[in-house]
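Okay, so chain A shows up in both of these, paired with chain B first and chain C after.
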Partner chain A sequence: MQKLRQETQGFGQAVPPAQSAELIHTNTISRGTKFGFLGPAVISLAVIGLAPLAFAIWTSLYNYNLTKLASMRFIGLANYANVFSDSAFWQAMGRTFTLLIIALPVQIAVGMGIALLLHRPGIGFLKTITRLSLVIPMATTYAVVGLLGQVMFNLKYGVVNQLLGFTGVSPINWLGVPEFAFATIIFWDIWQWTPFCALVFLAGLTTVPPEVEEAARLETKNWWTILRNVQLPFLIPGLTAVLILRTADTLKQFDMVFTMTRGGPGSSTELISLLIQRVGFRAFDQGLASAQAMVLLVITIVLSRLYIRFFYREV
Partner chain B sequence: MLQKNRLKALAAGAAMSLVLYPATASAWSLEEAAEPYAGTTIDVVFLLRPGYEAAKEMIPEFEEKTGITVNVTDMPYENALGEQVRDFVAGGDLDIALIDLVWIGNFAENEWIVPAEKFMNDPELADPELDLEDFFPLTLDAFGSWDGRVYGLPFDNYSGLLFYNSCMLEEAGFDGPPETWGELKDEYGPSLTQDGQHAFALQSKRNETQSADSFARMIWPFGGSFLDEEFRSNLTSEESLTGLEFRQDLMQYMPEGIVAYDHAEAVNALAQGDVAMITEWSSFYPTLANPETSAIVDCLGVAPEPEGPAGRKPALGGFSLAVASQADEEEQAAAWLFIQWITSKENAKQYLDLGGVPARQSVYEMEGVAEEHPFVPALVESWQEGVPEFRPRFAEWPQITEIVQEWGTRMMLGEVSVEEGASEISERMEAVLEEAGYYDGDKPLLQ
Partner chain C sequence: MGEGTTTRSSLFSQVLLLAAVILFCLFPFYWMVLTSLKTHLVALQTPPAWIFDVSFSNYSEVLFEDNVGRSLVNSLIVAVCTTILAIGLGAPAAYALARFEFKGKKELWFWFITNRMVSPIVLALPFFLIVRSLDMLDTHLVLILIYLTFNLPIVIWICTDQFRSIPREIDEAAILEGASQWRIFRSLCLPLAAPGIAVSAIFSFIFSWNELMYALVLTRNQAKTAPAMAVSFMEGYSLPYGKIMATSTLIVVPVIIFALIASKQLVRGLTMGAVK
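And then the complex of A and B:
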């Protein structure tokens, strides 16, 4: 206590001993302590997040190709102009949003259904097994999920076509035909991330006070009424988190698609992150790739702000 | 032609310089040359392909003789360029550059690799038996040389070959493989495409496979090319368009989803008897001739690629090894000794027997080699007529190949017509070349 008093007095903020002993206000903590606690996180964030971001902004303003460093020069917003006029960028963006618009509602709906089933009383052991098995898809490395997909959806040797064969359906070229390949990555994304939604919603359902829920059940047997008026308000924070995380994840979806189809056949599964990787690391045009990444970042931030604004307001 | 003459002159000069040091030459041995560099470690990127496995089996012998450690990093082809570019830009550890023929201009222009003359003119390091003229001129020119200077020695060498299932061909009434692309499509195509089997598979996945194995393979035999003499696009010429139209027509005899086929899928399709013919790199022969990976070992046939109206212009690909500029003097010397040893005449037979494909003419003249390795006659014939600029080898190729891959695939999928696709590639390719300064005289027209 003596030490604390000395420290606070050192900054000219003398506090009566009795009061400081009862309550330590943040403004009475020394700068050194604050920095000691916050500093590592802020410095890590700056080094890992902000410095590369600043570098990306800088490179996006340059003609910066790794194989032509001799001709590197400042070109202002030319890379951004190139991004906005490049049909390949907008097509990739279109595919990414198509994936998001189809996969996310399905994940939320099915995830909600699973959560409601698991929330019902009874068959405890089975529910424990189910809860555990729900963790497996999302605990699997993204790249491995893609490789699994590549094997399972293989035209000749894949287990999916083999199972279809038992029902008399001819083999489908899942990964060789553009439309099927895109449908397959949507399905695969839904498979991997529906359990995540289910677990978040299940956690949300457990926050509903049991007496409130019981009282509601005495009032009505209609599950939709209970869900809408009693459970949903408690699920909104989880739903917002799911929307933000899954949107951000989908916009930067790379590993699974890269290992499964490498963006093909043709460009049919080339999502925006695959395009950026291709431009930046196969054509080595770091300037253009950085500009593409900056545009993607802005779109992600705007979407996240919209989610928070519209959904959190309802809480 | 000028480039070839310069290359010959350089090779002759190197040979002359070796003759001028008879005392040193007679005394030269790898062990003595390597003495000052014992304990040095050299880093190199290898691919996950048979030629590299063969080299890895040979490396312990080199390490034992020299005391130099060779540190190999394996990676798939698709990652090898990016890995090396990042390493060279960042001043990393690599002491040897593994150079695909389409990377040589890029590496040389960026001065990431050292001209071989530095070492060939050093009697302490140059093996008197190096004999550059023993390499097939096409491979030394295409894989290892840029602007008349030799940088790398041909190491992992390919030519496109026609692999076929002779049993399927015989059943359909054919005595042998097609001589021309026209025959392949018009006669073999309809007869061999039935009951779920297809006459031909042309690997066309959207990566370098699309550019090299599919797109380029179809324009050259029909008289087309990527660029004309002024470096303007030649893809909208009648000859190039004829080749690309031919590819579209030929697709009716290929399996569905051919744009998703990479090398593995095409080789597997032939190996499992699903298709009758493929045009693939010579290096896949061991896979197709191995009973563990192929069901058609007894039916496997190999021939040069078919001819087109412009002659036989088989796909040309391959890798050389060159010393990296970023290595220090000791590492450079050790790297050169390794490159010289692994590509030497003396080791060529062992490399061939272990599954590699050397570019040494002398090894293919040895008695019994053609019988032991049935793909040899077709390979040797292919290397007589190849085109070094089968794919342009300048520094702009990484950007241009991306354009070719995108629009070449879209053509095949029918999203754009052949003419539209060729125009799009031409326009974008010329924009890249203009930006690089080829049209205002800033850069020599080298490809």
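And then the complex of A and C:
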């Protein structure tokens, strides 16, 4: 104790004798020490993650075009005005949210069903195999999922049309017709992320104290009543995590759709990330693309803030 | 008797439903491996063949003629380096977030979260322009660094959670014995946090290995990763399905092995510790 007193006095702080150990602890840590722990991570993330953003803001104020750099000039907020009046941008945004609004409820409902199925007593071996199978879709490289989609949903060579043929459905041009192409990316998104929801909910179900659940089962045989009144409170953290992460990941969605449809046919599957990629890297209009990216960034930050305020626990 | 039949029939329906789930999850994987074993002619049969003479020619072709072997090595280099870097930078930061009080802690935490949410395309554009002007396109280093933008947040979150689960009393006892904060971290807390660090390392590796967009934009030949390589097969007119699926299988199998090893911690990692 004597030693500790000396140490804290070294920092010019008198420690009242009654102060708790914890407070002494936090008070004795110098700024230098804190910086030593946090500095490297914060500085590198700032250099890699923030500096490019600053550059993007600068670019977004110019008519920056890689193929015509000589004619580059400051145009103020013209790119932003362009974004807000550009129907292509808002259509891409609309498609992104349509994908989310259709796929997410299916993923949650089916995932919950699978989780309840796995939570019921039954053949342990089969349940283990199922749990391991659920890992496969979510671990599969997104780009590979898209390439696999091209192979499986192909009009002529695809296995999906072959299987549908057995039930009498004539071949469908899944990736060649706008509506079907959009339906295909929704289906593929559901394939990849329903298992994720199932595993998250299963983890939630196992946190329900068994004695509470057994008591409830003596009261009622209705699974819906048990789910709503007994299990749901334990599922809330997982449900909010799913909601937040699926929203963010849909706004980020690029790899799977790009490798499967390139945003086509036409622009029918062009989600927001694909649109910005096309404008920036194929039309080479970096100024406009930067402005679009900034608008997307603001939307993402606002959504994250809202979600975190309502759902997420903080440090 | 009535009781017995209902359990038997409910058991039967459970078996049926679980089998359907397994089939749903595994069929695309099965089809990928199956197609990778078809020769070009077999792959372009209508309707697609289920039974055929298995051929490994796609694998030998992509590995030894089309540089896929090299792109797999590139993926490995990038994923391993970025993971080591992310742990080295992220673990101390996570410890600080778990243990120290300081101004702006909430803001810092939110900034880390936002990095996980932001679409990579937002960074890809300016990053491309900067890297291009530095003449550093198509290098491993650029990918290693940009992958930190999603790996650092993952490492920091999972590890912060892990450090918080270690009782503070351990630190305090060590402080009373005069140990420096850095020694407490290195010799006491870091070994205790090993499970969390292992999980975050696996995730960092998987996410880097799987990444496509940055690789597509920032590499050409020298540093091209395997997913970008697989996509480039799609650019011709002949649609070499067998080769594409062989490459895909080579990409996916290591990830799936990793994911199965970590399957108990998978949920925890993917939900950033929100669900254990």
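By our rule, the second predicted complex is superposed on the first by the 283 of 315 C-alpha atoms of A that agree within 3 Å, B and C clash if a C-alpha of one lies under 4 Å from a C-alpha of the other, contacts with A are read in each partner's own complex, and residues count from 1 in each chain.
Rule of thumb we're sticking to: a residue touches a chain if its C-beta (ideal position, glycine included) is under 8 Å from a C-beta of that chain, and two chains touch if they have at least 3 such contacts.
Because the structure is a prediction, the values reported are computed rather than measured.
By the touch criterion defined above, A:137 reaches chain C but does not reach chain B.
A simple residue count on chain A separates chain B from chain C, and the partner touching more is C. Contacts of A:240 after superposition: chain C is touched, whereas chain B is not reached. Residue contacts after overlaying the shared chain place A:308 against chain C, while chain B stays out of touching range.
In the superposition on chain A, A:285 makes contact with chain B only, while chain C stays out of contact range.
Contact with chain B, but none with chain C, is seen for A:88 once the two complexes are overlaid on the shared chain. In the superposition on chain A, contact of A:176 is made with chain B only, not with chain C.
Within the superposed three-chain model, A:42 lies in touch with chain C and out of touch with chain B [touch as defined at top].
After overlaying the two complexes on the shared chain, residue contacts for A:267 are found with chain B alone; chain C is out of touch. Applying the stated contact rule after C-alpha superposition, one finds that A:68 touches chain B and leaves chain C untouched. Residues 66, 156, 281 of chain A are contacted both by chain B in one complex and by chain C in the other. Partner chain A is touched in their complex by these residues of chain C: 11, 14-15, 17-19, 21-22, 24-26, 28-29, 31-32, 35, 43-48, 88-90, 92-93, 95-97, 100-102, 105-106, 108-130, 145-146, 148-149, 152, 156, 160, 168, 171-172, 175-176, 178, 181-182, 185, 206, 209-213, 216-217, 227, 230-231, 234, 241, 244-245, 248, 251-252, 255-256, 258-260, 263, 266-268, 270-272, 274-276.
Residues of chain A that touch chain C in their complex: 1, 3-4, 21-22, 25-26, 28-29, 33-34, 36-38, 40-42, 44-45, 48-49, 51-53, 55-56, 59, 66, 114, 117-118, 120, 122-123, 126-127, 129-145, 147-148, 150-152, 156-159, 161-162, 165, 191, 195-196, 199-200, 203-204, 207, 237-238, 240-242, 245, 248, 251-252, 254-255, 258-259, 272-273, 276-277, 280-281, 286, 289-290, 293-294, 296-297, 300-301, 303-305, 308, 312-315. On chain A, the positions that touch chain B within their shared complex are 65-71, 88, 155-156, 173, 175-178, 181, 261-267, 278-279, 281-285. If you check the complex, the residues on chain B that touch chain A are 81-82, 85-86, 89, 106, 110, 205-207, 256-261, 272, 274, 395, 398-399, 402, 406, 409-410, 412-413, 415, 436.
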